[in-house]
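So that you can tell them apart, the chains are marked A, B and C in the order they are listed, and the count of residues begins at 1 in each.
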Amino acid sequence: MDISQFSYWSGMVGITAFAVTAVLALATRGIDLFSAVVLGIITAVGGGTVRDLVLDVPVFWAADLNYIWIAMAASFIAFWADPLLTRKEIHSLFLYLDGFGAALFAILTVGKVWDMGFGLPLAPIILGIVTAIGGGLIRDVLAGRPTLLMNRELYATPVMFGSMLYMVLLYLMPEHRFICAISCGLFIFVIRAAAIHWHLSVPNWLMIKVKTER
Amino acid sequence: MDISQFSYWSGMVGITAFAVTAVLALATRGIDLFSAVVLGIITAVGGGTVRDLVLDVPVFWAADLNYIWIAMAASFIAFWADPLLTRKEIHSLFLYLDGFGAALFAILTVGKVWDMGFGLPLAPIILGIVTAIGGGLIRDVLAGRPTLLMNRELYATPVMFGSMLYMVLLYLMPEHRFICAISCGLFIFVIRAAAIHWHLSVPNWLMIKVKTER
Amino acid sequence: MDISQFSYWSGMVGITAFAVTAVLALATRGIDLFSAVVLGIITAVGGGTVRDLVLDVPVFWAADLNYIWIAMAASFIAFWADPLLTRKEIHSLFLYLDGFGAALFAILTVGKVWDMGFGLPLAPIILGIVTAIGGGLIRDVLAGRPTLLMNRELYATPVMFGSMLYMVLLYLMPEHRFICAISCGLFIFVIRAAAIHWHLSVPNWLMIKVKTER
């Protein structure tokens, strides 16, 4: 299995995790099968779709429908297997895989946008973040849930730092691209995993204090 | 009147119904004329606009502004004629026309995407659903209402099944395309009309049961 | 400083005001630095991005990242300088600058779309409105706040009338384009400034009355 195959199959794992965690997050609201599948697919491919619209390239899933098939199948299974998947240890596993997916898609996007020379150096970072969290944002908006931008979960912040780091490393040592990608992806994943494990949240000094006199 | 003229004028009826039902749905919130017209137009053309962005073709209303003029006029009239239009029988009429519009736009979109050979066989179904319900989703999000994905109304489900059926029939008998389109459109409309008439909703076995222990 | 330079630097002032007012509006909710910067940037460039996607031209900020740098810097500063910026007189200043930005971006967009001959005469007006208020709409949706379409603030209405007026004047006297642009921009800004100063809102006769019997 070479590198491109590895990232392809990793991507399918990420898509699966995005769809499964979406359905599990929505299940507590009592949605129907159709909405579960639609929101599972949107969560899985929504961020990458917005990225491709901004880049003005064909949307990635039109050329390879496996992304949609996998997201659809994962959403179906999550819908029916909900009682099993919400068991503590299995739910945790999918949260980690979801973090793995966010790390992977951010890093792949930074590399893709860098290769296109599109809006360097900022656009790769912005579109990396969009790809990693955009689908979840659209899902939450459609489901009427507070988006992750409004809570203190450490989700988007490691994605941003990892994408920035990868961008810097691509400028400094483009010849070691592969090892840089792996390192920055791991960087994002490890912080995200730590945040899940120890329930870390954004520290107080990075919050605007809500002043009572307002 | 030939087929393309028929579908054109039917489309205008659908656009009108989308805009009118949008304004009536929002009127209970006490919005102003400007917002009513903006949200009426967005509801009428929003789904098709997202479809065209994903397909990377020019947005359909830029080439033929009648879609916008009609949506604008319908929203204006609905705003001022609100007391008349909210009479039970007239409101019902527009709900049925809205279902007719959803059926029509889904079927037209499946045909359009099939002709382009874009992401077969899944993309036509996905974009058919997007075209039929996308405008209403954007409206509800902007208006702060729960979207139809979060209630049990039978709206998106018949659209999905009708689009899937049409896709299958296009593979099986492309030479009978016209009759297939009419049948699948009727299929969607009849289920939707039944849902309006008998207040049908998504059956329990298609819902995730909200467990109390969560 | 010629005209294009003037509109360029004015644009940067508008972007700054959009980002700063966004962060100040969100600060009362207690968001973190990352979300503040993301939502500041989205507010500043979101409307123009949607416009460019519909026009199918490259997004404006990819070719000139200064828009993003400025929005990012303004959001950072607004986050840390929040106690200073929320002082009554300074906050007011940014509200006026925000109105200035809305007027400027609407007028620039009408001119840009007119030059492209895209969907005349409606599309320039629609896209003018989208550019002026679209970023704020996306911000409010992502932050879970009611959008400006659902309140009675006089914000979008002057943008609409000014854009319509400019469109009419471009047809009547394209040779006096520059003076028309300035006049219509001032028209929007003056109404908006009056609305801020005297707390004007949409008059009752432009509201759908919420009937109690419903």
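What to note about this one:
As a working rule, a residue touches a chain if its C-beta (ideal position, glycine included) is under 8 Å from a C-beta of that chain, and two chains touch if they have at least 3 such contacts.
No experiment lies behind these values; they were computed from the predicted model shown.
Rounded to the nearest 5, the angle that brings the Cα atoms of subunit B onto subunit C is 120°.
Comparing the contact residues of subunit A and subunit B by number shows a mostly separate set, under half of all numbers used being common to the two copies. Computed centre separation for the pair subunit A/subunit B is 30 angstrom, with centres defined by C-alpha atoms.
Of all residues in subunit B, those that touch two or more other chains are 53, 56, 141.
Against subunit C, in their complex, subunit A makes its touches with residues 53-54, 56, 118-119, 122-123, 126, 129, 137, 141, 146-147, 149-150, 152, 156-157, 160, 202, 206-211, 214.
Within the complex, the subunit A residues that touch subunit B are 27-36, 38-39, 41, 49, 53, 56, 58-59, 61-63, 65, 68-69, 79, 82-83, 86, 141-144.
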